[in-house]
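One structure, pasted below without further comment.
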Amino acid sequence: MTNRKRILFVIGRTPGRGAINREVIDAVLVIAAFDQDVGVLFTGDGVLQLLRSTRASEDARDHAKALDALAMYDVTRIYVDAASLAARGLTSTGLALSPELLDPRDVATLIATHDAVIPG
Amino acid sequence: MTNRKRILFVIGRTPGRGAINREVIDAVLVIAAFDQDVGVLFTGDGVLQLLRSTRASEDARDHAKALDALAMYDVTRIYVDAASLAARGLTSTGLALSPELLDPRDVATLIATHDAVIPG
Amino acid sequence: MNLAVLVYGSPASSRAHISALGFVRAALEGGHRITRVFFYHDAVTIGSNLIVTPQDETDVGGAWVDVAREHGVELCLCIAAALRRGVINGEEAQRYERGAANLREPFEIVGLGQLAAAIIESDRVVTFP
Amino acid sequence: MNLAVLVYGSPASSRAHISALGFVRAALEGGHRITRVFFYHDAVTIGSNLIVTPQDETDVGGAWVDVAREHGVELCLCIAAALRRGVINGEEAQRYERGAANLREPFEIVGLGQLAAAIIESDRVVTFP
Amino acid sequence: MATLHLINTAPATADALPRCLAASTAGDAIVLYEAGVLGAVDLRAESLPPGVALFIHGRDAHALHVADLIDPAFGLIDDRQLVSLVVAFERSVSWI
Amino acid sequence: MATLHLINTAPATADALPRCLAASTAGDAIVLYEAGVLGAVDLRAESLPPGVALFIHGRDAHALHVADLIDPAFGLIDDRQLVSLVVAFERSVSWI
C-alpha cells in the first residue's frame, strides 16, 4: 500500500477496566499491520498502563503481554506525557516499553505531526 | 408493610447521559411506592439535574417530567450538596424540586440517619 | 447477615462484575446470606447467552452462573434496563414480537419491585457502580 | 471530503450515539462523504435487534438504520467487540454454536482491518468516545 | 499543522480539559460538547492559550442548562458548524 | 451511626474522594478499590478527617501497580475483610 500515514493513538484510560484496553491495543496492532507509521502516546490515567510490578494480577500480566506485542508489530514510537506522570506522583523509571518522555509542548508537536489521531 | 426504612438515593451523574438517569429515578419511584421513607441527595455533577431553562431540549424536558413525578410519589425530602453547587459556579436560586441546601456536615448527618444508601 | 448486592457497571468496560463476584463469594464463604444479586443499568448485558468470550479471557457470566448454582443465589436483571439493552426472555420476546430470546439461564428478568423488596428486607446494601 | 467516523460509547449510558448521529447527518447534508460508521467498544450493542425501546424514548438504532438507508452509509460493528458483548450474526452464531443470531440489519459485523482501511483512506477521522 | 480538540467529559469526571489546554498551540481550536460544556462555566477567554479558539456545542449547553453561565466570548456552534471545523482543521483529537 | 464509604473511581476521573472526605465523620471508614486505589497515592494518613479510617483493596492496588506508592499507614484488605467491614458498619455508600 503506497498510502502510508502517520497515525497516533492517545491512550488515556486506567488499566484493568476489562476488555476495553485490550481492544485499543488490538486496534493499534491491526493498523500497524497495514504498514502505517503508528505512534502511541500514554496520557492521563493511561500512563498507569506502563507500570509494572512483580506482584501483578493475572489480568495485569495479560495486558503487559498485549503491550509487549507492540514491538513485534514494529510499533516502537511510544511516548508518555511527563505532566501526567508527575501529577500522579510517578517517575519514568522502570516504565514498560521505554517510552519517550514528552512535556506539554512536545505533545502539541507530536499531535501536529500526525495525519490522524485515535483516542483509546 | 410494617418494615418501613429510611432509604437515601445519592445522585451524582450529569443529566443527558441517556437512559441511565431515567432508570435511577424509576428506582426511586418504585421504592417510594413500597411505602418507604425515601430521600434524594443531588451531589457532584448530579446537581446539574436540578437546573431548568426555557430553551431545554426534548430530552431535558422528559427528564424534568420524570423528576417532577417524585412529588406525586410523596418523595419530598430532596437535598442538594451546597459545596457541589459552589464548585460549579451555581447558586440554589431557581433549582427544580426546591431542594434543601446542605453543607458537608449536614450531608454526613443525612447519610448517618438513613438505613440504606443507593447511588444513582 | 442478609446482604443485598447491586451491580451497575458494564461487564466489558468496567471492573464492577469482577469486584462484585469477589465480594459475593467471600460473603457466602463467610456465612452471610445473599438471596439475590441485582443487575441494573449496563450491568444487565451480562445476562445474554450470545456473548462469545475469547479463550484467554474470563467468562464473567459463567462465573455468576457458578455462584448461582453452588449457593442458590438468584441472578436478577431489572426488566426495563434489560429490554433497553437487548436482553430478553421468551415471554418478553413474544410480547414484543422478537424472533428470538437470549437470556442466559439461570439469570432471570424481574421487575424493579424485586429490587425494592431486596433492599427493604436486607440488613446491608452494597452497590458496585 | 471523505470522513471516517468512530463511535465508542454505550447507547444506553452515554450521548455518543446522539452526538455522532447529529454530526453524520450534518456532514452528509453538507455534501461530505461518509462511507462507513465504525462502532467499537460498548457502542457495538446498538446493533442488536433484541433491543426494545420504550415508546417515549428515541430508537437510536433505528435512527442509524434510517441514515444508512437514506445515504448508503455502512454501519460496521467490529467483530471482536461485538462477540464479547453478545451481538452476533448468523455465520458467527453457527461457528460458536449459539441458538440464535441478533444482528439488526443493515448493521454488519466486520474485522478491524476495515477500521484500519477506513482510517487510512479518509481525509479526516472523528471519534465519539 | 492546526488541530481541532474535542472534549465531551465534565471537569469533575475527567482531566481532559487541562491536558488538552496544555497540548494546544496557536491556531488550534477546542470544541466542548456533551458534558464537556461544563468546562466552559469556569473558563474565561483570557485563560486560553494565546491563539487558541474555543467553541461550545449549543445543543448540549442548552440540554445541561448552562448556556447562560458561559462567557459570551465563546461561540455556540451547531452540528453544521462542527462539521465545518472538522473539515477546516487538519486533524481532530478526542480527549478521553 | 457509622458509615462505610466505597470509592472505585480515580481522582482524575471523578471528584468522589473529596466529596466523600467532606461527608465523613469520626468513626466512619473509607475503602478505595478498582481505580479508586489511585486516590491513595497522593494521600497521607494525616490528611484524613480525624477518626476516619482508610483501607485499600490489595488486589486492585497490585493490579494497578501502585501498592508500593501508598502510605504504609493505610491497610491493604482483601474481599474477606471488605465483607467484614460492610457487616461491621451500619450502611455503605458507593460514591459516583
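The chains carry the letters A, B, C, D, E and F, assigned in the order they are written, with residues numbered from 1 in each.
Just so we're on the same page, a residue touches a chain if its C-beta (ideal position, glycine included) is under 8 Å from a C-beta of that chain, and two chains touch if they have at least 3 such contacts.
Fair warning: this is a prediction, and the values are worked out from it, not measured in the lab.
Top-ranked chain pair, ordered by C-beta pairs in contact, is C-D.
Separating the CA-averaged centres of chain B and chain D is a span of 34 Å. Put simply, the C-alpha centre of chain B and that of chain C have 25 angstrom between them. Chain B and chain E have centres, each the mean of its CA atoms, that are 29 Å apart. Each of the following residues of chain E touches two or more other chains: 12-15, 34-35, 59-60, 91-92, 94, 96. The set of chain A residues that touch two or more partner chains comprises 16-17, 19-20, 44, 87, 116-117, 119. Contact with two or more other chains is made by residues 10, 12-15, 41-42, 57, 80-81, 84, 124-125, 127, 129 of chain C.
In summary, the structure contains touching chain pairs A-C, A-D, A-E, A-F, B-C, B-D, B-E, B-F, C-D, C-F, D-E, E-F. For chain E in complex with chain D, the residues that touch the partner chain are 6, 8, 33-35, 59-60, 78-80, 82-84, 86-87, 91-92, 94, 96.
Here chain D touches chain E in the complex through residues 1, 3, 14-16, 19, 22-23, 25-27, 29-30, 32, 124-129, going by the rule given at the top. Remark: chain E residues 10, 12-13, 34-35, 38, 41-42, 59-60, 62-69 touch chain B in the complex.
Those residues of chain E that touch chain A in the complex are listed here as 1-3, 14-16, 19, 22-25, 28, 90-96. Chain contact summary for the complex, chain B toward chain D: residues 16-20, 22, 62.
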